[in-house]
Amino acid sequence: MLLHLAAWPEVEDYLKRSTGIIIPIGSTEQHGPTGLIGTDAITAEAIGAAAGDKTGALVGPTISVGMALHHLGFTGSISLRPTTLIAYIHDYVLSLARAGFTRFFFVNGHGGNVATANAAFAEITAEAAGGIGAMPSNRPEIRCKLVNWWDFAPVKALSRDLYGNAEGMHATASEVSVTQYLYRDHIKPVPAAGMSPRIAPVSHFFGAADYRRRFPDGRIGSDPTLSRPEHGERIHAAAATAVADAYQTFVGET
Amino acid sequence: MLLHLAAWPEVEDYLKRSTGIIIPIGSTEQHGPTGLIGTDAITAEAIGAAAGDKTGALVGPTISVGMALHHLGFTGSISLRPTTLIAYIHDYVLSLARAGFTRFFFVNGHGGNVATANAAFAEITAEAAGGIGAMPSNRPEIRCKLVNWWDFAPVKALSRDLYGNAEGMHATASEVSVTQYLYRDHIKPVPAAGMSPRIAPVSHFFGAADYRRRFPDGRIGSDPTLSRPEHGERIHAAAATAVADAYQTFVGET
Amino acid sequence: MLLHLAAWPEVEDYLKRSTGIIIPIGSTEQHGPTGLIGTDAITAEAIGAAAGDKTGALVGPTISVGMALHHLGFTGSISLRPTTLIAYIHDYVLSLARAGFTRFFFVNGHGGNVATANAAFAEITAEAAGGIGAMPSNRPEIRCKLVNWWDFAPVKALSRDLYGNAEGMHATASEVSVTQYLYRDHIKPVPAAGMSPRIAPVSHFFGAADYRRRFPDGRIGSDPTLSRPEHGERIHAAAATAVADAYQTFVGET
Amino acid sequence: MLLHLAAWPEVEDYLKRSTGIIIPIGSTEQHGPTGLIGTDAITAEAIGAAAGDKTGALVGPTISVGMALHHLGFTGSISLRPTTLIAYIHDYVLSLARAGFTRFFFVNGHGGNVATANAAFAEITAEAAGGIGAMPSNRPEIRCKLVNWWDFAPVKALSRDLYGNAEGMHATASEVSVTQYLYRDHIKPVPAAGMSPRIAPVSHFFGAADYRRRFPDGRIGSDPTLSRPEHGERIHAAAATAVADAYQTFVGET
Amino acid sequence: MLLHLAAWPEVEDYLKRSTGIIIPIGSTEQHGPTGLIGTDAITAEAIGAAAGDKTGALVGPTISVGMALHHLGFTGSISLRPTTLIAYIHDYVLSLARAGFTRFFFVNGHGGNVATANAAFAEITAEAAGGIGAMPSNRPEIRCKLVNWWDFAPVKALSRDLYGNAEGMHATASEVSVTQYLYRDHIKPVPAAGMSPRIAPVSHFFGAADYRRRFPDGRIGSDPTLSRPEHGERIHAAAATAVADAYQTFVGET
Amino acid sequence: MLLHLAAWPEVEDYLKRSTGIIIPIGSTEQHGPTGLIGTDAITAEAIGAAAGDKTGALVGPTISVGMALHHLGFTGSISLRPTTLIAYIHDYVLSLARAGFTRFFFVNGHGGNVATANAAFAEITAEAAGGIGAMPSNRPEIRCKLVNWWDFAPVKALSRDLYGNAEGMHATASEVSVTQYLYRDHIKPVPAAGMSPRIAPVSHFFGAADYRRRFPDGRIGSDPTLSRPEHGERIHAAAATAVADAYQTFVGET
């Protein structure tokens, strides 16, 4: 059940069965010459929704802008500062905690969110328990967990099979495939001259200016000219299954 | 053009033609027994996108969680604190200002956002000019404007024709109709006993607890049993036209 | 009773009779060539005090600096950022809530405060109830309400009678009259050349630089050369009566 | 010249002669059984205004709520948190700095403000210079200074002459006298039973609860039954002269 | 050169040779029945200092309190909230950037710091470049990097050789050995009954209460009864060499 | 007992005997041509530790970076903004309060910390009691106190005997002596030309740029060429005794 397509009495009923919720979190940032700016939000949302279908879990509205300060050198990228994202996740989670939700499972589409989200979880968990100085109490315990959809073994195996070392780290062949599957009308043509180099360079980086200098077209380590909607369908399915399993484990844990 | 479905070189091209952007902003909150929790985000997104189609404007990702603290008494509602929403809008706008955008046009679906959004615009405009203490400079001027899609004269006239005094203030007949038009598969059945009273009460309120006490099923002044998808189609069209015109005026102004 | 002229045992006694308080809120900002920079604080304070006299209500210290970022292009204007004003109102209200006050009635002299004050009220009400994530409790409910003294029907009727369409939106004829009534020794002479145009232009605006460009002498839509202390006395009286009535209604409401 | 009673062109003229301003800062807090809750703001405002008269300095609006968390055990006291007061002073000073003011002279009426105000000055000075990480620039240097009106030698000598060791530290005989001089109609009668003990106890304290426990009627070390309006007039005059001299020195310094 | 043992003219000289600095960052938190509460700060400080000796790098004061909210269930643990740690690192780095430092190399002793530190680096890098909305400029680029001393291949190999699967994840055998080497006088006796189980359990966890429930004596996956000061000496040496090499690479990179 | 050299069960035992803790707080800032940048942290740490030895008190990790914004004109100085230091002290104290500590005794080595630390104490005490708006409760009361080690009468007498009016206010002869005693290997040679003037000038100052202009080598009022390690030993001993006595009084007070 998608929260935004439910009426409140339906959610009140749901809460009698489960206090868990799936929350897709992505980003709005450049994804190379042909990748959609919304790639990370689109993939997280679709995979999160599919996992919700498989498990009967409620799925909250997608956090579509994330921590992408290092992408701001490319027009169209939008980022929250880490402290803003922490406040955002805090309010999102505690709003639902007020009603009785206790298990918050974030399906993540953007590696750049991981550090900030985990910082947020630590801050939220402490505050939901009454603040840093609060003594132990009887309040129900809040648990937050984030998973990256591409990090599950079956998804990694599939990407490796399909793209080998052309999968890459940003604007990956697999994530572009998933968006092609989801938005066939928005598959961008590969530039006539192809991409150069075909497989983008790989390295670490420091900040937005340095990022653009090292990766002039935005890709890291990937060749998204290999992406195909048919691949995307398979990757999406594998990820949805893996995420659904992980969610079940999470909410089942005492 | 929807930003999340564009690749960054497309946005860079767009910016040569226009420095304006449409940003839908809604909320995730109860909308009565049959209204979708995502109503405000759904309507703002659809109307903003349609206005983008009409004007060729870029449309940014929807701000789907807004200022809805007074709805937190109903399960499924999510709210940002005003200070969080100010920070969020700040980061969203300044990320794009960095690339050269200067005209930010918010299409709003939730009355509760108005105060906080306007507070945010004041803070952002001052900061984009270099901070509260900065002397005048040559930086390009940032302009933010918010419009409520239901507030344009043709939209109001249509709602009045359709629903008279049953339109209401929250979980309005017209907004429920628009979501019925957009999500025909998620039209919620009216409870067998109907809604009681048929037209919800009207009054001011103070905070979440007081809200729930005064409006036990969440509606204010409305009878959404009158809502129909056919109405929604007409309302959506009227709002999209009005919003498109207002956007043109906004970006055309010197 | 003015809080700052009371001793604490008097306030403790008052609290046994009433948990309501009137709080004047204004601004320190340019008011055209002849308007006092303190106009909004002066008028709110005087009208709030008069309403206190009529109702026996306690009147707190005036919030004399408000949200006036758009006036900072004129020397002598002072503004809080919206987030600072939110924090300020938060601390003011919660200090008194600690002692048992529950009804906070803000008499406002500056339109620019409305959005931020309402954002603050939402944040305060949620926090006074234990924070965004707090479950319902037995704490006494906090209520905040803001009224603009010029917005009551009798006050508007009087301004219309006196000035017609020369009343304006900023540095209004009526507010200048009220300050002339209150500070006869500080009535500023109209410049020899008069004001030009006599009735200032009307439009919306974006930020401080844009404001000064559109309204070079600071006025919006007004002709304060029409202002007279005798008018001010009548306007003050009408506003005080209307505010007193509104306060009674507010504190009497369950 | 009082800023709130000036029109903006007058302030613009003033700024051609001087970039200094006097800012009264007080508090709204209990002052014993007979002291006015507004004592610290009232005295700072009156002495600041008198010093402005003597020196021709502009006098800004009084900061009437200060850092008084330790007084919150007494009904009617209002306090800002230190971080709120820092933000408030920041915005106040930088608003004026934008226009060209560079010398900010705070006349203080409340010992509890000193630490926070000095913390604020450090933060403001660094930020006005471009932030903690900014390299040296050509911006005009901002200077902030705070003086306590009771701390000047002539004022201390007068208090000692009048009250000896009954002057005290809070709800002092001298500050109560100054408010009696300024508000003869609000001189509170001494309780029939007198105050007990006649001279209040002296000690340090920790927090609001501890304060009330140690000083049940709110006074520290004082016997304000000795206060007289005639004393207040002399003290006010001595303080105004001392403050005026200190201001001249401050703005004259290179 | 240790910054705290240098005089400022020595640092000014250093800056002519290098703009890099090593910054140890640890934590103050429980480390099982026999581990020192300061383990993470002690090890980071000693290894950072040794790396400074090898490379001639300046070494800043140790950040000895980190992000350890999940350890607050054990007496003696101290934690910053993530947002406080972000602010702290921000100020530390920008203070030095003001003087001309550009390369900030954090030697980390606590896994719990990683997420927050990386969030901080993103925020700092963006701000040092002028803020989220700043257009590209000529300011020198700030680079921050964090390394965990235990994560280098030679250090991991050594731990594996010494402890196999008894090394663990918290209160590890190797970190306890390093502190035994550094503080031979503070080697804590193993409880007479030994530790039970000998190798602590391994699992994820959520928050402080959950942590204590899962790991009653504080250890995760380790058997620190195996720790020996002689091991610590070897581990310290291996880590110092690896860190020194990594620092050289970092500052040498263009 | 030093907290960082204890294991958590030792701290749990300690807490059964005492709920007090000594917390050294210093700064990392220039101390003239020959003073160590870490002087304030080094002296506070050593004197705090010695006082801990004398009293059996637990001693927490040193806060080694303080409020030194006015020293940022000298390379190697590091400062927190006051608001960051407030947050830092807040988290430090409340982490320990969660476990049951109630008496926090700060041994301070830097005058510039005093204002901000006292602001922090006020904010912490209010928050530990439940926030600014919280009604009185049964929570154990938190008390914070700061002492400057050089401010005790016996220490002042000793400094006066040793250096007379060459002791000074910053980079004092006495504090340099204490660091010479503690770090004999890091005694910096006096420049061949001596210091000029021999006794540094004395005045107030405003901000970092002004500080450097007035005090070109960083000293205020001192002649640290008089410093000797033998003096330092005596000063250290006198300060440790005085601090120990003050701590006993503090924790013994009801």
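A, B, C, D, E and F are the chain letters, set down in written order, and residue numbers restart from 1 in every chain.
Going forward, contacts are C-beta pairs under 8 Å (C-beta built on N, C-alpha and C of every residue); 3 or more make two chains touch, one makes a residue touch a chain.
Nothing here was measured: the structure is a model prediction, and the numbers come from that model.
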- Which chains make contact with chain B and with chain C at once? A, D
- Specify, for the interface formed by the sequence copies chain B and chain E, whether it is same or different in terms of residue numbers shared by both sides, with half as the dividing line. different
- chain A-chain E separation of Cα centroids, rounded to whole Å: 29
- Using mean C-alpha positions as chain centres, tell me how far chain C is from chain D in Å, no decimals. 24
- Message: Averaging over Cα atoms per chain, report the distance between chain B and chain F in Å.
- Response: 53
- Message: Can you list every residue of chain A that touches 2 or more other chains, as numbers and ranges?
- Response: 72, 79, 81, 83, 91, 95, 98, 132
- Message: Can you give me every chain pair that touches, using the contact definition above?
- Response: A-B, A-C, A-E, A-F, B-C, B-D, B-E, C-D, C-F, D-E, D-F, E-F
- What part of chain E is in contact with chain A in the complex they form? 67, 69-70, 72-73, 79, 81-83, 86, 112, 114-116, 118-120, 122-123, 125-126, 129, 132, 136, 141-145, 206-210
- So in the complex, which bits of chain D are touching chain C? 2-12, 15, 28, 30-38, 41-42, 60-62, 64-65, 72, 74-81, 83-84, 87-88, 90-92, 95-96, 98-100, 183, 186, 188, 218
- Please give the residue numbers of chain F that touch chain C in the complex, ascending. 131-135
- Could you pull out which chain F residues touch chain A in their complex? 91, 93-95, 97-98, 127-128
